[in-house]
Structures are given as C-alpha cells and as structure tokens.
Amino acid sequence: MRRMFETMWLIRRFEERAAEEYMRGRIGGFLHLAIGEEAAVVGSIAALRDDDPITSTYREHGQALARGSDPKAVMAELFGRSTGICGGLGGSMHLMDRERQFYGGYGIVGGSIPLALGLGFAIAYRGGDGVALTMFGDGAANQGVLAESMNMASLWRLPVVFFCLNNQYGMGTAVERASAEEDLFRRAEAYGMPASKVDGMDVMAVWGAVGEAARMAREERQPSMIEARAYRYRGHSMSDPDTVRASDEKERWQARDPLVTFERVLLGEGVIDRDEADAVRARVEAQVEEAAAFAEASPPVDERELARHVYASPWSDDPRGSALMPR
Amino acid sequence: MTTAAPAQKKAISYREALNQAMREEMQRDPSVFVIGEDVAHYEGAFKVTRGLLREFGDQRVVDTPISEAGFVGLGIGAAMAGLRPIIELMTVNFSILALDQIVNNAAKVRYMFGGQVACPIVIRMPGGAGHQLAAQHSHSLEAWYTHVPGLKVVCPATPYDAKGLLKTAIRDDDPVIFLESEGLYAKKGPVGGPDDLVPFGRAAVRREGRDCTIVAASRMVWVALAAADLLAKEGIECDVIDPRTFRPLDLETLARRVRVTGRAVVVDEGWPECGIAANLATHLYEACFDWLDAPVARVGCADVPMPYARNLEQAALPQAETVAEAVRRLVRRGDR
Amino acid sequence: MRRMFETMWLIRRFEERAAEEYMRGRIGGFLHLAIGEEAAVVGSIAALRDDDPITSTYREHGQALARGSDPKAVMAELFGRSTGICGGLGGSMHLMDRERQFYGGYGIVGGSIPLALGLGFAIAYRGGDGVALTMFGDGAANQGVLAESMNMASLWRLPVVFFCLNNQYGMGTAVERASAEEDLFRRAEAYGMPASKVDGMDVMAVWGAVGEAARMAREERQPSMIEARAYRYRGHSMSDPDTVRASDEKERWQARDPLVTFERVLLGEGVIDRDEADAVRARVEAQVEEAAAFAEASPPVDERELARHVYASPWSDDPRGSALMPR
Amino acid sequence: MTTAAPAQKKAISYREALNQAMREEMQRDPSVFVIGEDVAHYEGAFKVTRGLLREFGDQRVVDTPISEAGFVGLGIGAAMAGLRPIIELMTVNFSILALDQIVNNAAKVRYMFGGQVACPIVIRMPGGAGHQLAAQHSHSLEAWYTHVPGLKVVCPATPYDAKGLLKTAIRDDDPVIFLESEGLYAKKGPVGGPDDLVPFGRAAVRREGRDCTIVAASRMVWVALAAADLLAKEGIECDVIDPRTFRPLDLETLARRVRVTGRAVVVDEGWPECGIAANLATHLYEACFDWLDAPVARVGCADVPMPYARNLEQAALPQAETVAEAVRRLVRRGDR
C-alpha cells in the first residue's frame, strides 16, 4: 500500500511538472495528463504481476511509472531526447517499456485494445499463466473494435482484462452524450463476459476488482471487463481550454481526491504516519526534479537516425529511408 | 494571387473562412448539416465549427460518439436519402477507420447501382504534420484518396480557397474528400463573399517565373513560395502552381507553365512511394516529355513514419531550403 | 397472407432458376441464394410500409422481389444486361430499387448497417414517420460497426430496426464458433435497446415481431433489434461445396420448410385451397420463366457507358474515366 | 524464367505452392500460426489452407469471427509478443476494415517505440478483378500499401515465387503485405524445395527482348507475356520484367533493361491515379531520363469502380491486346 501511495504521488507530481515543461516549450505535440486518475492507474497495475503485459492509450505516463519505468527516461521521451524511453521517436503518446512488459501507449482511440487480445493469445498459445490488461477510456468504448475484441476474448477464453478508465468525458463529450447505456461494463455481458463497476477514485477498490479479474483470467482463462469511474482534473490535453465541464462538477470530484483519500486511510489504519507521508512527497519531489534535469541535460536525437528503426530487417541505409534496393 | 476573385477587404483566418462557408451554406440550404466528434458543444477540436450549434441547433450540428465507421456510414446513408452532410473527422488519421465506408460505399453507390442515387457528402478533415504529433497523428493521405475513382479530392491552401472550395464541395452532388491543413488554420487572408465559389479542377498560379515551375498544394504552397523568395534573391525566378484539387486535376495549367520553364519541382508533404508527387510528375512527363530538360524533381516527406523529436520531424518534412536546393540543382543541370 | 405466400414462392423459384442460369454460365460473379430464408425475408418486409427504406446484404434477390421489384429487371441484372435493375453495373450482390426505397444490397459484411442508420437519421431530420430496416447476418453481427450503429441509434432514438437474419452460419463457420453469446439479440441490450428472437422459418411470427418493432420505431422513435433464426438450404454461394454442414442438420431444417408450413397453415385456416395454392405456383412459374426469357433477350451493356455513372457531376467524358480536366 | 532456382520436377498450382510454404514453415517453426475467416474447418475461401487444421490443430489454425480489425490487431499483438502470425484476409477488399491496425500499428510499432519491438506478421490476401465480382470485390490495393513505410509489399506471379516469397515473408521480422491474385490460384508451375527462398527486392526477368521493356507483376505478368508473344509474331521483341516486390523495389534491374530498350510500358491492374504504374514510371524516368525515347506508357485499370457486366469488366482491365498496342505505339513513335 505504501508503494501504491508513493506511486500515486509520483504520477501526480510528474504530470504537474510535465505541464510546466510543456508551457516552457520543452515538450511538444499533445500532452494528456492523468491528474485525478492516479487511483485507477495505480490500483489496476498494482493488482497485476510484473510480467503481465499491458497496453494503454496516449494518456499513459502514469501507466509507465506504475510499471516501474525510470521517470528520467519517461521525461526525456517527452522532451524528445535520445535518452528517452523510445529514443525520442514516440513522445508523450507513445511510451513503451518492453522490458517491463508495458506494450505501449497508442494514439488511435481504441486501436490498442485488440493488441492486448494478441498478447493474451500469445500467453495462451505458449501455455503461460500471464494476463494481458488493456486500458481504454469511456470514449474508446464506442469504437467497434472493442466489441470485436470482447467477443473473441470470450469466445476463445483468452486471459485478458478489459479495463475501462471511465473519466466521464471523451474530450468535450460527456459519457451520457456518447453512450446510450452509461454503464459501459454492461457491454461485456453481451459477450457472456463477467463485468463490474468500481470507484476509480478508490485505489484499494480498483486493486481488489482488478485483482479478482486477473485471478479469473489467470486461473480460469475467463476474460472480464472492469469499469472504473474516475475524473480528470485537467482539460483533455494541454491545448484544451476545458470550458465545457461545469466548475462545480470539477470541485465535487476534486473533493474526493484519490491521494488525499488514500492518505487518510493509511494514516487511519496506521500504515504510515505524517512524517512518512511527507517523506514520500519529498522523495517523489526529488525524483521528478532529477527526471526533468536529466531530460534537460540529455542530447537531442541524432538526425542520421531518422530512418534507423523503420524496419527490423532493412534493405537500405538511405538516411531518409527508401523503398529502393541499393545498387 | 493571379486567379483571386473579387475578395472581401477584411483578412480572416483559414479556420474562420471554413466556418463562414459552412454557416452560409447551412443558411442557404436546410438539408445541410454538420456531424462529427465534438463539433457541437466543444465547437470542434480545432474550433472550425465555432458558433454553429448556437445558430443551427443540435438537429443540424451533431456531436457523435467516437465511432468513425459508424457515423461516416450514417452520413452516407443520409446523403443517399437526399440530405447534405458535412462530416468532420477530427483528423485525417482517423479517417482510416472509416475508409471502408468511404471507398466501398460513398465512392461506389452511385456507380454500382447504375446511377440511381447520388452521394452528396463532404468529409472535412485536417491532415499533415509539423506539430510533433508523431507517427500515428501525422498522416497526409491525399494519395490514397486521389487513387479512388468516385471521390473528389480538395486541398485548399488559402482562406479564400478554403471558403470557396468548401462551398463548392457542399453544393457538389458527389462525395468530396476535403483535406484541410492543421498548419494553416491560423493563416489569414482575404475571402470571397457568399456567392464566390471556387470551382474544382482549376489550378491557381500563385507566382510566375521563367526558370522553374514548382507545383505544390495546401501547406506546401507556402513552403514553395518561401523557396521562390529565397531563389529570387539569387536571380532564379520560379512559378508556384497550386492544383487546389487533385481529383479533378487541372493538368493543363501545370503543363502549360512547365512547357515554358522546361523544369519542374513537385512538393508534397506525403510519402514518396505511390504518392502525389509521383503522380503529378508522371502526368507532367506525359504532357511535357519533349519540353523537359531534366527529370521532374520530387521534394516530399522522408520514407519513414513521422518521428516525435522536433529536429527529426523537421528533417523529415519538406522545407523551403530543400525545395530551393532542388530548384538550384535543376537550373544548374540545365546550364551544363 | 396470400400475397406473402405468393412472394415466398416467387423467391423460391426465382432462386432455383438463378442457380440454373448460373450453371449455364448466364450469371457471373458470386451468387448467394436465400432458399430456406423466404419466411424471414418476406415476413419482415411485409411488416413494413412500402415507403420504409431498407438496406440489405449480397443475399438480397428476395428482398428486392418482396419489395415489389420487377423480376425481369432483377434477373436481367444477374445476367449483366442493360435492362437490369442497375443497368448491369451491380450484379447479384448489388441490387437496388430506389423508387421502392430498397436502398440496396452490399458486398462488405456489415457495411450496409450504418447506411440504414443514416436513412433513419434522414427520416428523423425531416420529421417523417418512416422506419429504416437493415438486414444482416449472424456473421455480420461480429463486425464492430454493428455495435457502433446500435449505440447511436439508441442514443439518438432513431427509427431503425436491426433485423438479424441468423441462418446459423457465416460461410462455413457456425454461429456458436463465431459468437461468444449465441443469442445475438442480447447485444442490443448493451445499448439499452429492446430486442427479441423469433422463429425465422415462421413467416407470420416474423411479420408480427417486425411489425411491433416497426411500430415502436414509428410511434416512439424506439429502435430495436430482431433476431430471426432460419437456415439456408444451399451452400454459402454457388461456389461453396457446402461440405462443412452435417446432412442430418440440413434435413432437420428442411423438414420445417417455411413454404410447406405456411401452406399448411393457410389451408388449415381456409385462407386458400389447394387449387389456389397450385394457381400461385403456376403464376410464379410463369413470372420466373418470363424473367429469364426477358434477361436472355436483353441487349448487353454499352461499353461506351463504362464511365457514365462514376460521378453525378462529372468533369470528363473520357470513356475510360479520367481524373484530368479536359482541355 | 531466367532467375528460376533449382526447381521441383512436379508442377503444382499457385494455391498448392502457398499451402506448401505455410506447411513447411509451420513444421519448421512452432511460433508460426495461421488465423483468419474460415481458414480451419472450411480450409479457406479459396482452399489455400487445405489440410492445415488436420496437421497442426486448432491452436495453430484458427477460424475467426468476421471481425477484420479485431483479429488483425490480435495478430499484431501476438507478433509483438514474439509469435509469427500468418493472417489470411479472405480478400484484399476486406483489408480496408483492418487498415488502421495495419498502418497505425503493424507499420509503426517498431519505429515509434524506438526499435523495442518487431512485428513479424504476414498478411496474406487475394486481390484483383476478372471474375465479375463488381465494385466492392475487385480492388487492387498494391499502391495503398506500397505508399506506407514500415510495410513490405509482395506480389508473386508464379507458383515458384508464391512459395519462395511466402517462406521469406514468414521468416522476415517485419510486417509483410502478401498480395495474391485470385486469378492465379489454379496456375501451375514448378516450385522450389523447403530451402529455396526467394529474396525480397529482386526482380525476375521473365523474358528478354531488344525493342521494349514491359514491367508487370502478379497476374499482369501473364498478360504481359501474352502481349509479348503477339508482338514477337510481328517482329517486335519485348522484355517482361516482374519486380515481384514493390517494397523493397529492385529498380536497378528494371532500369538496366530500359536503358537497353529505350522504351517502357508499365502494366498494372489497379487504378491510374497515384497508382503502381505512375510510381514505377516515375522511378524509371528518374533513373533512365536520358535513355528514354518516349514517355513511359501506362496500361492500367480504367478510372472507374469495377462494373459487374462481363464485357464492361473486360474493357476496364488491361488485356494482352491493349498492352501490345501500347508497345506498338511506342515502337512506331521511336521510328519517326
């Protein structure tokens, strides 16, 4: 639980720092923050084994950190530096840490869901006991590929957990304006899959629900879906003025801040005391500072590497890439 | 602009020009409606539909779930029933999810049903790269769409064309793929009035020069013009010709100028293989074979997925200097 | 009911004749027959108003005939003649009769479903009281676009009826080997839509179920889904050897032949007598004969029309089509 | 075939050659599996996977629901985890539904994640027209796939290449788009043994002749050879060069021959705009500009959706006679 508490804080502060660096122009492209969603992110990943593969969306800094990726490498990726976790080629939306079985963040809404189906298929194919988990949003739930994936997962009993992080908005569109049935987890029932809903602001609740889902997948090859209701405090991305959502709604949810709530629980149960809590914040502070300094100091990507990773078995060493066989 | 029609005094942005076109056409024709992700309450990811919900209500400005295949199919069905949908796809990258609907239905229903129906639908979407959006969010799919008979493909470069071509697209009875450029939304310029339509298949001569003809559309027009400025300082005078629509294509105007200069450079933001540049070059070779002193030069995107790092992204994309260098090489070769 | 009985026989004999003409090489491409599915096809369309728009699949000869399309024009289309209902451009998989609001048969599985959503949208947009019905198969139910379409139909309360003609096979794949939940109609529930299952071999049952669905859509703007279980007697298409399905299964279903059953009912209730039933068969026989003769005698398509219908507002009169503006 | 390797005596069909390649590779490597619609019990819509279920079981030969986007995505995920999926799409027309997975995931995961993963997946699918399947079932999408860096694109014309190229594709560590031709499945010819792989990026010289170079792949190779036979009777000797893969492309072999004949005709079953023919022509102009006596002639599909009526379909597609006529026109022009 301490570990989860610390990771939640790491994500919170990492995201806040990323926002600052974006304003300073150190980070380009789109930047999607998960502030407010820490409980759902940390609770779900903590409930898995370290070698259980995961796929996620473009809002995935936290998933990488929760999986244990080095904050320095993640921040450097956001800066687009050679020391980034993807060598600066992916950026904020496309983090991956293969070593830690984090199979990446993807920018096409819904596009990463069937990949997890394949990760689960590979586990079953090799007779392993791993579980593949895919995180997606409430908006992604309306992509047809989710329905296709749930049907195949259930039909073939693949060890997959469909984790819907329902932060109640797809950009500026509230879930009830996008989904005829607000209880998104019900969709799993149409494919004979167990599904449940959990408070995404409560890290232990998420941990418990995903833990049970992972157990079913691991021991019974029974895929399932978990819907975690949470809320993102910031706009969709740094470029979103966030004028659509009512401020009282935001306040209502921020009043249930997952970090504050969890700290109260830990203090109450005597798992940690105030000093430890402060110590955690101090450690995290230092980590984030170090990450930003590392990214800042890192060298840019070598332009001669523009075409380096296009193919695993390339035929051409043209620095701009080429379809033509060299003479 | 040689071909600019009587324009409004006030310069407005490409974004506002598109907004004006939709507003005017929606006022003019009640069968026109706008549908897409976040086009109503959010007023568009790039704010192109600003104010439309307020003015026309949620019957005619419809927010959709993130279901590209589904709502593009909806638009096609509505068009077959006689409505005139303007579908906004948040970016061209997401159109790939609706491509089956676009290519197998929108482009074919009229033909395969023997002309019984028309499909008057406009699919608007921004494309292109340059904002560090990386591999999945930086596509230029002009070539894919131009490949498909049954579609019309439009790529406006200026606010004037953005407005005039969109109005033409909305009134057109065929499916129109309307490719906007993310990098141009803030670009300002004059626009036409409510009745100033820009016809399809008429290239615009953005600049004239005797030494070399540069062909470019959409955002690349501005890169080409910047290159032409650089070259002018060196005494090299270039044409900059903007086809404005790839389907139909005004090859005549391009060829007429290439026959004069004897040199051509095609600039394209997309990938080189089976791309727009190869296509335009082929047409120019066929139309101007005996006039060309040298092969048509192609300046395009590197043959790689778009990288995130700023320096790599810039290296991958056509720049004024790379275009200028291509022209210089041609001119020098001519002087051999 | 007489009309339905006659239409069912017309479809049966039309399909059998089409099979013969295919063997004789008069018909090319793929030919998908609906023999065995007549009750589902006729019952559903008879339950609609003549001006309610319909979309269908490539197995749609029967839908066109049930809508009142001229058998001569339909057969001529299969022959690829200029007198065909689509001028010979569409063929068996792409029949359309716009005048009769039959919006066509489509070859991409699932591809025609969202088109019906658009037809329903247009009805609502104009404040009309029509109903759009889309027919699709059990295989098509696994295309994501169905989920997307059901969600939007329910979310916006569009007058659409999703009619799943479950003939229990997608080509050689049995429904239980393709769908985790065999009761396909359950999928509608995930989107808060009413749905039901009906015996697709019983024309009156189908007529009743679709009638109620159409009423809900027309009067309450309540979309719904109907699943009709039926069986196709022939292979998937004329080129399918049909070796996968067990012969006793085929016999079991053919024993419940929709035409025979319905005739028994009509005779029992005294709606028609044997002579009338025979008269119906005789009339139908003549119609089909006439249709084939008409098609056979019809002129081929004029090759100069190759590019005629590509665009509604074309720019070029190049006989092979061209993207180039003429000089 | 000039480049034919030591071949088996017995001639087998293109279909059986593909089947042999899969069987041998599945025996060789347990991580290879086949997945697609009706590939197991039904043994493939075109029977290419015949016998595989019996030999390898339903763990390695998997029937899928009709969910192209879903199971192609599954294959990509499995490949990222180290398996080697052979995905059969019933036809290329249906690949459009999985195009987002193919282009945004398969082609990009290695690049955008900085080389951390490979995506060793083969997507097999028949394409082309000629069987009156009409507008939605007659696509040739070589150009679309060739446009995309990150993919490899293969189009075998003979049983020998079908087997040898498929084995190479299965062992390759990158995503391979393997385009078969419906019209060639029954075509018979010799094939190589278990270790005869055909490398990517090596064109095959199907025939040599001094007067004109005809470039064609897949089914068009046979159309080109038929044209060459017609022309030979008239004393016109043609090359027929088969690139075999469009990505990578062996331009050298094509250019070497064109520099000899000074004339080139590119035959392509696909649409003309932004198509394969325009692409190959552009490469040839750039590589052989000073050797070409006349523009490269393109013989392709008409710029229309495919019609159903047999006579129209035949009129829309390249035929031996139209290819021959294109050659004659070039030769005559040369004689001016």
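In this document, chain identifiers A, B, C and D correspond to the written order of the chains, with residue numbering beginning at 1 in each.
The definition used in the following text is that a contact is a pair of C-beta atoms (placed from the backbone, for glycine too) under 8 Å apart; a residue touches a chain by one contact, two chains touch by 3 or more.
Everything quoted here is computed from the prediction, not taken from an experiment.
The interface holding more C-beta pairs in contact, when A-D is weighed against C-D, is A-D. Distance between Cα centroids is largest for the pairing of chain C with A. Work out the mean CA point of chain B and of chain D, and you get 31 Å between them. Taking each chain's centre as the mean of its C-alpha atoms, chain B lies 39 Å from chain C.
Mean C-alpha position of chain C lies 35 Å from that of chain D. Shown for chain A are the residues that touch two or more other chains, namely 86, 88-90, 94, 106-108, 111, 142-145, 148, 151-152, 155, 177-179, 310, 321, 323. Each of the following residues of chain D touches two or more other chains: 64-65, 67, 69-70, 93, 97, 100, 104, 111-112, 134-136, 146, 149-150, 246-247, 249, 273, 303-305, 307-308.
Residues of chain C that touch chain B in their complex: 53, 55, 84-90, 94, 96-98, 103-104, 106-108, 111-123, 125, 132, 144-145, 148-149, 151-152, 155, 308-313, 315-316, 321, 323-325, 327. Of all residues in chain D, only 33, 59, 64-65, 67, 69-83, 100-101, 104-105, 109-120, 146, 149-150, 152, 172-174, 200-202, 246-252, 283 touch chain A in the complex they form. Put simply, chain C touches chain D in their complex at residues 28-30, 77, 80-81, 86, 88-91, 93-94, 106-111, 139-140, 142-144, 170-173, 177-179, 244, 300-301, 303, 305-307, 310, 318, 320-323.
Within the complex formed with chain B, the residues of chain D that make contact are 69, 93, 96-97, 99-100, 103-104, 107-108, 111-112, 134-136, 143-144, 146-150, 246-247, 249, 270-271, 273-279, 281-282, 285-286, 289, 294-296, 298, 303-305, 307-308. Taken together, the chain D residues at the contact with chain C in this complex read 37-38, 41-42, 45, 63-67, 69-70, 93-94, 97, 131-137, 272-273, 302-305, 307-312, 315-316.
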